[in-house]
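Here the chain labels run A, B and C in written order, and each chain numbers its own residues starting at 1.
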Amino acid sequence: MALLEISSLGKSYGKAEILKGIDLTVERGEILGLIGPTGSGKTTLLRLVNLLDEPSTGRILFEDREVSGRPEREKLSMRRKMAMVFQKPVMFKASVEENVSFGLRMRGKADAEEMRVRTKEALAAMGLPGYESRDANTLSGGEMQRIALARAWVLQPELLLLDEPTANLDPGSAASIDGLLQKLADSRTAVILATHNMQQCRKLADRVAVLQAGRLVAVGKSEEIALPW
Amino acid sequence: MARNFLKMALVLMALSVLCSAAWAVDGERLKVATTTSLQDTGLLDLIKDKFDEKYNVSLDVVSGGTGIAIQYGERGDVDVLMVHDKERELKFIKDEQGLERRCIAYNYFLLVGPKDDPAGIKGMNASSAMARIMEKGLADPAKVMFVSRGDNSGTHAREKLIWKKAGYNYSAVNTSGPWYIEAGQGMGATLNMANEKQAYTISDMSTFMAYQGNLTLVPIIDGGSDLLNVYVAMAVNPKKHPNVNCKLANEFINYLVSDEGQDLIASYGTEKFGTPLFSAASGSCELIGCSAAECAVPTSASCW
Amino acid sequence: MRALDLIASRDPQVVEITLRAIFISLSSAFLAGVICIPLGGIIEFRRFWGKRALINLIQTFYSLPTVTVGLLVFLLISRSGPLGGLNLLFSPSGMIFGQAILVSPIMIGLTITALAGVGSPVRDTAKSLGATEMQIIITVIKEARVAVIAAVLLGFGRALSEVGVAMMIGGNIRGYTRVLTTAIALETSMGNLELSMALGIILICISLAVNLLLNRFQGRQEWRS
């Protein structure tokens, strides 16, 4: 059973057809690279998977259960098995620790001590040990990106959605983030990595899906795929 | 630091709201509505101090024009009225809004004006004088003007009565020309305005004497029945407004008409102005047109 | 100037009037805040027919004439009025009630503006991290906390400087409901202009202090983000 199954997915805003006829599956623990030029609909697709927006056509099945079109309560429980990192991550007006533990607090499951420990681990894993009490809004772009990653990673989601995590970073920061993403490849978390960087895809992804003007033009192992542009 | 300050402010606010709830549990309070002319003399401040101490209560004095004071009474928002407009007082009693009309003090309204008396009214009685002012004012509004309270107060009511006696319809008077100025304010402010414009005006004696130091206006006509000003106290009728503190209201009125109260009133102002601002009602009942019942001591109305 | 002498001499009546004014206006700002901030949150987050019109109406009421509000509240809490049984007229509690009503439009409106200013990326982030609708609302309110507190302080300032409600509802009773603004009106009408000036200076100083505090708080937040 695939973790995520998308069939005939489409999204339109008024007359503008952003996505059309998307068929895609994601297996547990695999890293799927979603590659396409800017404006091809990558962000829209990720938002649909994260259940932030509702598709215009088609279905999304998560763990074999239909999630699109369901009431908010069901969506919420599905959403809590995923985590998304946006292209330009937003930090809450709070400390780094409060930011990273946000998702844990929302779920209300862990007690304070456990949250502190997991936050510490997440920050260490992201290469930012000791950052807990710093003001999240005083950090550099690269640091914020890592905090956003930590924020998602600490939840140990089944599916991680990354929207161009290194697009706005300098090469040095980008390289170290790639290193972190490599670590993710070893875990049992599934990842959809949206990017326009084929090198990144080849390095990290098991499979690659190519999105062009809202349509999937190719899906397969990264070695096999040649970009149409 | 600013953050802690703000947290403190919020805590303070919370406490304030809680404290204000505690106000409900207060000592006894007696609410008196009066007119600005009476309040401005400061007499009620003195009475309040004495009364509060003697009876261990708190006298709350709210002042406005006679119009709103009567309204407060009709709405049951106060326990006692102290006003000076016989016509409206009688109506108040007739409508059973008040227990009875008790005469407390009196003095005279003054027709004051510029020293040089441009309308030449000296020696006349009030109504003829007003007629003359209008005549001269219409002819030469730059020289002769009249400032009215224009606020439905006791003083204003008296002014309207005098116009009526002089044979004029008030609506014809107050729209006839720029010589007639409606201040729409209390007595003090009206006097200041008349002073600025060197105009005539009607003022109660107490306020005029209190402001005299700052004015160049002088009293031109100061007597006659037209200008008699009688101050009266009325307890609000508990039958119409069961919430009023009738017992305390009667105690207050009794205090006012007692020897102590009357002495207090009759001597008020001597220290500051050389002559008292009021005359006590006791002993002058007939003179001021109050019936024996309205002068009886103590007050006979019962609250039951 | 004699006015400054009067302030420096710390006349007990002046002190009493000042403290009472601060107390009453602070309480009314708090009371309004407790009701209006959540209300603003609900209006901002829910979609309903006539939402735009409601917000426009609220903003129109920002500058309601205080005397009109005073009159309306008077009719409401007068003994002969619908809430007469509460015995609020001519008391500080009534003034707090009336001023709270007066500043409510500002508080609701500014809260809505503050929350709207938080922006959808924050909401999306919270949502994608698994927040429920209520949790998202609370998160947004927390993000907008500077602007929300500013709204409360603004309400306090408006309540402190208004005279229409204080006069009509409080009655300017010496020793009980007299506050800075009503005392200024009285002293002016009695010709005691220096005392009026002194009270006015005190009023301005308090407003200045509140604004300085507000600016410092806002400034630090802005610099950070």
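General observations
Assume a contact is a pair of C-beta atoms (placed from the backbone, for glycine too) under 8 Å apart; a residue touches a chain by one contact, two chains touch by 3 or more.
Because the structure is predicted, anything quoted here is derived from the model rather than measured.
Counting only chains that touch, the fewest steps needed to get from subunit A to subunit B is 2. The interface with the largest number of contacting C-beta pairs joins chains B-C. We define each chain's centre as the mean of its Cα atoms; on that basis subunit A and subunit B are separated by 79 Å.
Distance from the subunit A centre to the subunit C centre is 45 Å, each centre being the mean of its Cα atoms.
Taking each chain's centre as the mean of its C-alpha atoms, subunit B lies 34 Å from subunit C. Contact of a single residue of subunit A with at least two other chains is seen at no position. By the touch criterion given at the top, residues 2-3, 5-6, 9-10, 12-14, 16-17, 19-21, 23-24, 29, 31, 36, 40, 45, 48, 58, 60-63, 74-78, 185-186, 188-189, 192, 211, 214, 241, 243 of subunit B touch subunit C in their complex. The touching residues of subunit A, when paired with subunit C in their complex, are 47, 50, 52, 72, 76, 79-80, 82-84, 86, 88-90, 92-94, 102-103, 106-107, 135, 137-138, 151-152, 155, 161. Across the complex, subunit C meets subunit A through its residues 121-122, 124-133, 135, 139, 142-143, 145, 221, 224-225.
Residues 23-24, 26-27, 29-31, 33, 78-81, 84, 87, 89-93, 96, 149, 152, 171-177, 189-191, 213, 216-217, 220 of subunit C are the ones that touch subunit B when the two sit in their complex.
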